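Going by the order they are written in, the chains are A, B, C, D, E, F, G, H, I, J, K and L; count residues from 1 in each one.
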């Protein structure tokens, strides 16, 4: 292996890069969404959720950094610009205006579920294309699922 | 003043809210742009700029938080979702792929200059509509200008 | 300027000192009120508000210190004793006994609104008598307004 | 006093040791109960209580350590194994499954009340058998009573 | 003991609550007095006393918090509002204006002595009504007496 | 995937939940056992082992927390109460009284070996039912095996 | 605004740069003067003033850094070399040899007063030429005035 | 109570002062003894005991400080000079030269036992003369007894 | 499983041990190489690379520790002595004398690539012989690959 | 050199050991003296000197530790027990009772001067017997001389 | 040696004082020069050198403090005022305006070389007049030489 | 002295460089040896020695860094690669396999003694060729000798 070659070879690299780009867009979009809710929230659970959403933002931003640097590591160019997020993400969004605490939780749970769902599929694929990436996505999935539980446990369902 | 009224009254509030929304979009877009460059950068100045761009991201994210919470404080609803950023920001963007260190610096300097320019105009307007917001934007402008100097000083111009 | 002269000259000094004394009494009274609510609070939002009121106390005590030291700096003698607070403050107070969480929030929002209202007037006056004091009060106002938003956001209104 | 003798002589030592063993079992059981509730909790107060129960666990574990080391100090052998806790504790327990936030608070308040009640009796007895142990139990009682207040204040009663 | 009962029963609770309310007023008044002296002080010992008085304020504020939370713990409602302090405290106060360092020390020593004196009486009473409160007041007394020594040691007497 | 569904579907969830409940009981029992030995230990290696056992307790308590929160995350209800531990754990226990250092080490090594053995089996099963859980158990196994080595290395065998 | 242009345009930039250069020389000279007094001081107030002068040095060095970097930010070249300070500063200086504590305080108060006086004039001018610089100088003025009060309060005047 | 009187009146003060002086000498002597053993120790348990003795030194020095400052607080003059320690302490001492680990433990246990024994007697007496001092000595006794247990647990007895 | 048996049984243990020994030698050699370059480096990128190489050293030393302790954990004896490294490693080395920055980067990239290449092969093998070791090597590989990217990004290629 | 021989050979070792023993006694005595003054001090400079003497104690205790461990390192047995200090030190001591601030400074300056004087002689001798010890004593001398200056600078002489 | 005499006697003191004054001026001038370069720097190595020059400033300021306090310690009066630096230093200086990165390095290397050269001569002289000062200057020389190497290594020479 | 010359001139530089290279090899070899023992150790003193050997590694690695950077500082090129260590070091080594605690201590003491022995010779030589290097090696020798004492004190010899 020459020093200028990346650690993942050609066909696997392209598949892995595509998965990482999808995960990056999902995580960046999720971080914007949770921060948006952090700012527009109101209702009796304001303080708890204001803090909890910020924890989600901190966790998800660090995960996006890991994912993008893994892409660069295997020789791909991750795209984290606003246009890329807006055009390719499929997460739900909030209507303009303030957001009631109960509604904020429901929407963020939907968004988290969608991201987790895609992350689990990606984990399977990367088990073949690049086990190092698989290990990274597995860890991210576990952490996101715990956040989903913490949000769900705060509902009456 | 009743407890349910916000500290800025009706006509000034609307003008101030518009300025804060514009500043929020600029700062969030700038943070995505600088993070994108942090990931896709290459060239002999890689390590210095990789670290410097991350400092910009940290500074600008905290400023966006201040701006959005000021909007909420005066009774407005800041929009920090991906669609809002993508549709209303006017900053330059990077073409797909890796970014040479010299080009990354030039583009970020353009973006910073554009944000500073609008921020200085907003500072004047808010001197009339809400001096507390003016004070906040003034502080942000000074910090962004120092970052611009640090980037410019790293060029040969 | 001789070393024994204070930085603000005679007529402006007296006006500025009066404003600072008023602000000091407001802030000390507010800190006692929020601490009182911190102790007597009950209801489902107890833990969140118990912590949030203590944050208000910490912020307001530090602001009172800044205001009183500014008064001393310009050659005035701030009065922060119990008699001064009790006789000249005009904030609402709590009836004896435990305080329901919803009522505690409403009363503290009224108190904060009253303090902010006077602080905004003082900011204008000191723009003429002493810009350094104006800069200090402007910063305090912004922080108090954000606290008011955080309390208001926790209601259903 | 020879170096091999413990600081509390024979009859008092046995009485004191019995009290410390009872306190140890109560505190260990309480720590397991609060941790169990921390995990199985759900309802609108989830986040506040999830954090508050963990504070109880941290406090009570440190108290158990103090109590067990005091027993060892006076020459007794504290028993902190699962069988000892399960067979001799008399605290309430939770039925299998998730626990509604309101129910979790009620059960933990009952458990805390029971432990405090026995702790107050033990304080009297050890005033005669070993004042150093009495001083330790008095401190523990005060801290547990404050935790009980914090839980009670979060109810509407 | 039912979960809704406080740990101290009816007649003792009322006596203990009265003592805690008296101690709370004393400590809050002392904290305002020491802070007032911290601001208005002048003379060659300015820097030493400016720092030392602030230590007293920090200590006494934490003690007031402990006392008020003990009152709440036993089911009483502590009153820490400005009117309560101004109407029921009996500590000396300062005349308006700057305060010479020697005079500031003398007045604070008088105030501390008065508080300590009442605290020692309260310690005896609570030995009967509530030993946990007694243990708390005993600790507070020791700390206040050490502060009095530190002030006295700085005089020529 | 709806926001109210857990990330692991029905048949796999039940198998995974069973494995996590078994691991939770093992880890809680191990933490009580190691703490018990920490208190009752004597002999020339007292200080080293007193500290080393406490490290085991700290590690194992954190692992139990991870395991229980994973169970809650997939929609199960972990049981960490004393009765559950006492009735279903199969670890060795200590006879009443003080414990010679050599014996303490041997017993804890047996307990650790038994837990590791079951953990390795669980790792295989969860590879099929839930890879996120498998990843968690794999990490726990590696840490426990290192602790076993550290205990074994302190013997002459 | 092109990326190579500084945020303040031509005529204002030159006026602002001149004011920043004057402030830089004043602050650097003040830091050398206070450090010199810190070393040569003697008399009963030695320890208090030795520490207090070092606080002044720390504060003033950080202010000089802010001022010089603001100059660079607007495209000017601040001169902080020894020759520039010696030739253009107008602060008082100490005669050779040790310095009595009372004399050290008087001279530093004169120096601080002179710097504050010029800083207040500069604040007015920069309100027109560059409000970001004005905001910076306003903050510096307030801090220097507080230091002057702390020195003055240590005298009998 | 005048500000110049100490908080403990004449006959009790003299008795309390005598007890505090005895405790001070014991604790200072113990700290020198443990530090001496820390330096001259050898044998297989060197490292463990070298660290453990230093913990004893740290604990005992802080206790001596508390005891001496309590003496000063009640108006007595504690004597902590070498001559006072050497002439009035009755702790065992080491013969010149290196000290085998087993012997070091035995001697320090004897010394600790002697100090604890006197401390327990002093606790009783001060219950009458000054309860604040009693509370202080009670706390010291508990900590010393735990240290004795930790040393004893390291033997085979 | 008896307490004296290691967690990996005989044939797998030998294969795993061989892999861990190879990884240990690679990592130790890499740490010496990167430190050597840290000292002998020169050229315009000196400061950036001097710091970056030291980060590599810190990372790789910690990885070597993990690898060697895993070997000990499974009952093998890792050999990390100079002779073992010199005789069995196959990494490139530097010629005597100072090293130009560009050359240092190229050589370290070759060395990192070689280590990563072998690590990926080892990851596959240990998936069969010991999944805990596999999990460890996978984590190490991901970190080394990121370091390789950071070095490669600093070149113009 | 065999592993059991100390690094300094026989005649030099005995001379060096004698010097280190003398230095140890001086430093321990000085630490007791400064702590004694810390407790018994009174007068207007109380707070400054109370803190300054404690700094001396902290510095001198650390120096004694270094000196005693150097003695052990070269194979000698340092004697730091109370009897050794009391019988062989020649520092001044305080008469019983409280100590006026001016007198405390004078006596501690005498004590420091005496220690420094002997330390300088010891530095010369150890230049021949053991340069490592010389380097240690040189460092101690410089620090003690700076402490003497700080005390002297606080007088009017 | 009387407490009022300094530790270095008359003729040596004067020679040592002269050397320390020279070193102080050199170090203060160097700190101003490096800070000046830190502000006026531009070119591709901006960020690395901006940080590196600030490290030099921090190091050299602390050395100046040590040197000046050593002068005061031996009874001399160090002169650190602007006039003293400007009139007696002989370091190179920068022309007005921005400074290219390559030029900044060259000039600072010249300045460092000049200071080191004088420091080495001073080290020899003080070996005779005051070995404590010699030890101080030797340490300073080693640190300055390492800084010189770090600058030189960043060039192509 | 020109900026491109190193601080030590030609013949002395070569001698000093040779000594520093020898010291570097010794220290790197010692760090590998101690780490190897840290991993392969067993026996009753396992935990104490496992920690103690790691302290040696940390100390010796930092010393190697100082030595190598001093070499670079005087213009030499230190060689710290595996081949250089393996070919020129003369320290003892361990046979393959686990190492009994008593044997590990003996071997490391031999290695430390050999390094100290050479270091003392080097100290003498560098007194003539470069006193700054001598000062560095003197400090290293003292620290290594203290480590040797700590190992020797743990034996029965």
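Structure notes:
Following the convention adopted for this analysis, contacts are C-beta pairs under 8 Å (C-beta built on N, C-alpha and C of every residue); 3 or more make two chains touch, one makes a residue touch a chain.
None of the values given here were measured: they were computed from a predicted structure.
Between chain F and chain J, the least number of touch steps comes to 2. Comparing the chain pairs G-K and D-H, the larger number of C-beta pairs in contact belongs to G-K.
At the interface between chain D and chain F, over half of the residue numbers appear on both sides, which makes the contact a same-residue one.
Counted by residue number, the contact pairs of E-H are over half the same as those of D-H, the matching pair from G-J, D-H or D-F. Averaging C-alpha coordinates per chain places the centre of chain C 23 Å away from that of chain E. The distance from the centre of chain B to the centre of chain G, with each centre set as the mean of the Cα atoms, comes to 31 Å. Note on chain placement: the centre of chain C and the centre of chain D lie 42 Å apart, centres being C-alpha means. In terms of their C-alpha centroids, the spacing between chain F and chain L amounts to 42 Å. Shared contact sites, meaning residues of chain L that touch two or more other chains, fall at 44, 48, 69, 72, 135, 152-153.
Here the touching chains pair up as A-B, A-C, A-D, A-F, A-I, B-C, B-G, B-I, B-K, C-D, C-E, C-G, D-E, D-F, D-H, E-G, E-H, E-J, F-H, F-I, F-L, G-J, G-K, H-J, H-L, I-K, I-L, J-K, J-L, K-L.
For chain H in complex with chain F, the residues that touch the partner chain are 44-45, 48-49, 51-52, 150, 152-156. The residues of chain J lying in touch with chain L in their complex are 1-7, 69-70, 72-74, 131-132, 135-136. Across the interface of their complex, chain L is touched by residues 28-29, 32-33, 35-36, 39-40, 65, 68-69, 71-72, 77-83, 85-87, 89, 93-94, 96-98 of chain I. On the chain I side of its complex with chain A, the touching residues are 106, 109-110, 112-114, 116-117, 120, 123, 135, 138-139, 141-142, 145-146, 148-149, 152-153, 157. Taken in their complex, chain F has these residues touching chain H: 41-44, 46-48, 50.
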